[in-house]
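Some structures are shown below for you to check.
You will see subunit A twice below: alongside subunit B first, and alongside subunit C after that.
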Partner chain A sequence: MTDRYRRHHDLRLAALEDEGVILHLGSRSYFTVSESGVLIFEALATPHSVEELVAVLQARYEVNAEQAEASVRDFLERCRAADLLEIEAGA
Partner chain B sequence: MPTPFLVCDDAPLRASLTAWLEKGGLAPSTALTLVVQVGDPPPLDADDRPVFHQPDVLIRSGPPHGTLTLSWERAPALAEIAPGTQTARVTLSRLAVARLQECTCTFFMAVLIFLLRRAGWHHVHAGTAIDPAGRGWLIAGDSGAGKSTTAALFASHGWQVGTDDATFLAPAGAQVAAVAYRAPIALRPDAQRALGRSGGIPVAGRRKAAYWPEDLGGRWAPKVEPEIVAFTSVGEGPTRAARLGARAALAQLVRWSAWVVLEPDLAQEHLDLLARLARQARSYRVSLGPDLFTDVAGLPDLVR
Partner chain C sequence: MSASASLPWAWRLRAVLTMAIVPPLLHVMSFARIASWLGGRPRWAAPSVAGLRDDVLAHWVDALLRHWPPPWRYTCLKRAAVLYHLLRRAGRPVELRIGVRRAGGTGGALAAHAWLVRDGVPYLEPQSGQPSLHAVIVRLPEGSGVKSLADDPAQLLLETLRLQSERSRDELRTAWANARTDGLARLVAFEGCALWLAHRLARIDARLLLPFDFANWLQRRVRKEVARNLLVGAQVDALAGVFAADGIPYVLLKGAARQALGDALAYAAVRSMRDVDVLVPAARAPEAWHQLRRRGYERAAPPGATPTLHHHFPPLWDRARITVELHTSTSRRLPPLAAWRRAICAARTVEREGRTLPVPSDTELLWHAITHGLDQQARAFRLQPLLDVALLCASGAEIDWGVIVARFAGDEIEHHPRAIAWLRAASWLVGRPLPPELSTGLPPFELGRALRWRLAVFRHTDAGSRSGERLLEEGMRCEIGLGLSPAVRGAGIGQRTRGHVAASAAQGMYRAWRVAERLARPEAPLVRQPHDTDALRLAVAHPEPGRTLHNEHGPLGETMLEHQHVQRVDTAAQA
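Entry: the complex of A and B
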C-alpha cells in the first residue's frame, strides 16, 4: 500500500533563490522552507509517493537513498502536522 | 481625477468621499469603481465563512461564492466586491454617514485596499522615504515600531517621505514600486517632544498630532523603488541594523502584508510581488535607539 501526497490546495508558494515561503490560505499562516523543502513542495503540485520524492531529492543532491528517505519522511511528517498536505491512501 | 471612479447619488456624501479619494493621491492605471448608496445594508447572517478581523472591520472572502464582503463594526455599513470585477458596491447606513470621518479612516480604507488589489496594487503596513543619496526605503512594522517617528525625523532632515503607515506595492517594469497613500504623519506627544515639534493637525479620537512632510522640512514622495527594507522596533541602546536574508525578509513582508492570505485568486500575485521586493532590496532588522534623534545620518551608514 503506497500513500501519495500532494500539497494542500490552499497553499501558495514563493521561491527565493531556492528557499521559500509557503502561505496556507486556510489557516492564514505562513511557513519558511529550505531549498530542499522548496524542491519537494514544487514536486507536490502533483501527487507523489515517498519513493518518488526520494528520487526527486536524489536527482538534485548527492545523498544516498536511506538519507533521502529519512529527510522526505521527516519533511512530510512536519507538513502533515501543519495541515500542508493532502494524502491519497494507497490501494 | 480621483481613483477609483466614484458613483454616489447623495451629493454631500459624494463630495466628501471625492475629497477623501483625492487626498490619498493614488492613481493606478486600471479603472476601478466605487459605488456608494445610502440605506440599510443587507444582513450577513447566512455568510458563515471565516471572519478576518481588522480594527473595526470584519472581512469575509473566498469560497463558495467568492464575493468579498467588508462590514464596519461601529455603524451599519457593508461593501461587496464580486469575483472578477473591479467594482466595490457599498451600502452605508445613515448612522455610518454621520460618522463619515471615522468611516473613511477604517472601513473605506479597507474597501480601497481590496479594490486596489484588482489593479495589482497590494497593501503593506509600512512607511516609505527617499534618503539624501536617492535610495528608496520601505519601513515596515507594527504600531509602536517607530515608523511614524522615523518618517517625521527623516522629513525634518530633508528626506522625501511618502507615508508613515499605508503603502501599496505595485509592479514597475522589472522592479517593485512602493506607492504612498498620502496622509499626514501622526505623532504621539512623546514623539512630538522628542522632535521639538508643537501644533500639528489634531487627530480625531487619538492623542496624536499630524504633520505633512512639507511641514517638517521634507518633501512628499508619491512613489519609491525600495533599495532598503527596514523592519523596525524601538530599542533602548544605540541604533543597530542586522542584515536579513531574502527568505527571512519575505517572511517579514508577509507578516506586515496581512491581506496576502485572503482571496485565493489574488494571493499568489500578492505573494510574488512580496518575493520580488525581497529579492530587489537589501533588508535589515533595525532597532531604533535614542541616538537617531541626534544622528539621523547614522542610519543610512548602518545599511551601506
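Entry: the complex of A and C
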C-alpha cells in the first residue's frame, strides 16, 4: 500500500534566491522551505509517492537513496503537521 | 621583457632596503609601533616617480618576497606593509587594511588578510575579490576611510540599490561587511525597499557579509513581504473571478498589474504590495462596489475615512484582509472617462490560475507610477515610489516617452520643478537618462542627503514616536519647499498653535542639520553618465544538477521545512 502526497490546494509558493515561501491561504500562515524543499514542493503540485519524491531529489542532488528517503519522509511529516499536504491513501 | 626591467633602479634599491627592514620588524615589534613609521614623514627625499609603475613595483616586491628565506618569506602582511611604505613615499594615496573573517563560514577558524586600498577599492591585489570577505580591524593611515561607504550606511544603501552604481561589487561587499547598521532596519522598512535590497545584495553576493542582526532582520522581512505578496496575488485572482462572473469591466493598476505581468516584466516580484488597486468605468463602479459587498467584502475603514473628492471608492476587504480599492480614475486631475480610455487603450491580458487579468500598457503603468508617486507629496520622496518608476524604466518595458513628455507639459503635474527633480532622482537610481525635455536645467533630488537625515532620525528617536514622525515629515517638506504641515481639520486654536510651533522647530532642526552636513560633506554630483545596460534580472531558485544536499545550515532533512511555527501574515498596518 503506497500513500501518495500532493500539496494542499489552498497554498501559494514563491521561490526566492535560495529558499521558498509557502503561504496557506486558508489560515493566512506562511512557512519557509529550503531550496531542496522548494523542489519537493513544486513536484507536489501533482500526487507523488515517497519513492517518486526520492527520485526527484536524486535527479537534482548527489545523495544516496537512504538519506534522500529519510529526508523526504521527515519533510512530508513536517508538512503534514502544518496542514500543507493532502494524502491519498494507497490501495 | 620582465616586469622588473621597467622598474627604475632607484626604486629597486629603495624596495630592497624596505624589504630587508620591514618583514623582520613585523616579527619582533608590535604592528602599532611599526605602523607609525610605515606611513610617517620621510626623513629623506624619495626617488623621482618618473617611470614608476605601481603594478610593476608590486610584481617586483612579490617576486623577491616569494624567494627570500624566513623571516622575509612572503605573507600578505609583509607585502602590504612594504608596498604601503613605498607607495606612500611615492606620493600615492594608498591605504592599508587588515581584516579578519571566519574561514569556512560560521564556526570556522579566524583568517586574517592585509591589503592595499586606493580610492576606496582594493589595489594591486594578487587575488581579486579576497578582501571583500574580511571585516576591517586596522586602517592606515588612521582615520582613512572615514568617509567611506561603510561609514555612510545611507549612501551604501543607495549605491547597493542603484542598478549602475560607480561603486564596484568588491567595494560594496567590503562596505557591507564593515557597515554600521544601527537604525538601518527602520530606514529600509520606512523606504519600502527590503525586497529590492535583498535582491541586490544577492546579486553582489553580500548577504553573508552583513552584520548578523541586520541580516537576520532583512531575511525575516523579506519572507514576510513575499508572503504578503502571495496573499495580494490571491486577492487579485479572487477579484477577477467576481468581476468575470458579474460582467464588470476592469483593469488592474499599480503593483497588482506589475505582479500579474510576472516574468514578462523584470523586477515585478521585488516590490512589496499592500493592497489591490483596480480601475473600473465610473458608470459601473457603484455596481462593482456593491457586488463586492454582497459577496462578503466589508469596509476596510470607517465611513468618512476616505475623502469624498478622492478618485476611488471606500476600500473593502474580505477575510484575507487585503484591501481592494476600486478607482474611477488614476489621478485627481484626470476625469474618469479619460482615465478609463487611457487604461483600455493598448491594454493587454495575462492568463493566471485560469483567470484573464487585464493590465494597462507599459506607458500607462509608468505614467500612473509617476502621478501616483507625486500625489503623495513629501511621501513621494521615499524610495518605494521612486523605485516604482525606476524599475519600470529598467525592466525593458516599452515606454512611449513622447506621451510621457507631452503629459508632463500639461496640467496633470502640479509642481513641475519638484516633479522634474523627483523624476531625475528615479532616473539616477536606475542609471538611465531621461528624455532631454525632462532632464535639463533642474538638479535631481538628492536622495543621499534625504536618507542620511532619516537614518539620523531613526537612530535618535524611538520607533513610532510622534517626534520622530514629525522630524521625518517636516524635514522632507523643508527640503522640497512644501512649507509646514497644515493643521488638522477642525483643530482648535491651541492645537493649531502647538502643531505650528512643533513643525517649525522640526524644520529648524532639519535646516541646522543640513548646514552641518554641508560643512562636513562636500557636495557631489548626483547624476553621472550612465554605463552600459544592466542585464540584471530577478533570479528565482534554479539549483544546479549535482549540487550536494548539505550546505552550511546542515543536512537536508533538518532544513527542508523551516519555521514550522505558524506566523500570521501581518495585516494591521494596512487598515
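Here, the second predicted complex is superposed on the first by the 90 of 91 C-alpha atoms of A that agree within 3 Å, B and C clash if a C-alpha of one lies under 4 Å from a C-alpha of the other, contacts with A are read in each partner's own complex, and residues count from 1 in each chain.
Throughout what follows, contacts are C-beta pairs under 8 Å (C-beta built on N, C-alpha and C of every residue); 3 or more make two chains touch, one makes a residue touch a chain.
Not measured: the values here are computed from a predicted model.
Novice: Is A:D74 in contact with subunit B, with subunit C, with both, or with neither (first, second, both, neither)?
Specialist: second
Novice: Examine A:E17 and indicate which partner it touches, taking first as subunit B and second as subunit C; both and neither are also allowed.
Specialist: It touches subunit B and subunit C both.
Novice: Contact-wise, after the overlay, does A:E62 reach subunit B, subunit C, both or neither (first, second, both, neither)?
Specialist: The answer is second: A:E62 touches subunit C but not subunit B.
Novice: Check the residue A:G37 against both partner chains and state whether it touches subunit B (first), subunit C (second), both, or neither.
Specialist: In the superposition, A:G37 touches subunit C alone.
Novice: When the two structures are overlaid on chain A, which partner does A:A82 contact: first (subunit B), second (subunit C), both, or neither?
Specialist: second
Novice: Can A:L25 be said to touch subunit B (first), subunit C (second), both, or neither?
Specialist: In the superposition, A:L25 touches subunit B and subunit C alike.
Novice: Who wins on subunit A residues touched, subunit B or subunit C?
Specialist: Ranking subunit B and subunit C by residues of subunit A touched puts C first.
Novice: Where on subunit A do subunit B and subunit C both make contact?
Specialist: 12-17, 19-21, 23, 25, 28-30, 32
Novice: Applying the document's contact rule, which stretches of subunit A touch subunit C when the two form their complex?
Specialist: These residues of subunit A touch subunit C: 12-21, 23, 25, 27-40, 57, 59-63, 67-68, 70-71, 74-75, 78-79, 81-82.
Novice: Okay, in this complex, where on subunit A does subunit B touch?
Specialist: Subunit A residues touching subunit B: 10, 12-17, 19-21, 23-25, 28-30, 32.
Novice: Touching residues of subunit C toward subunit A in the complex: what are they?
Specialist: Per the touch definition, subunit C meets subunit A at residues 198-199, 202, 222-224, 226-227, 229-231, 233-234, 269, 320-321, 539-541, 543, 545-549, 553, 555-564, 566-569, 571.
Novice: Given the complex with subunit A, which residues does subunit B contribute to the contact?
Specialist: 52, 62, 245-248, 250-251, 254-255, 260-262, 264, 267-268, 271-272, 274-275, 278-279
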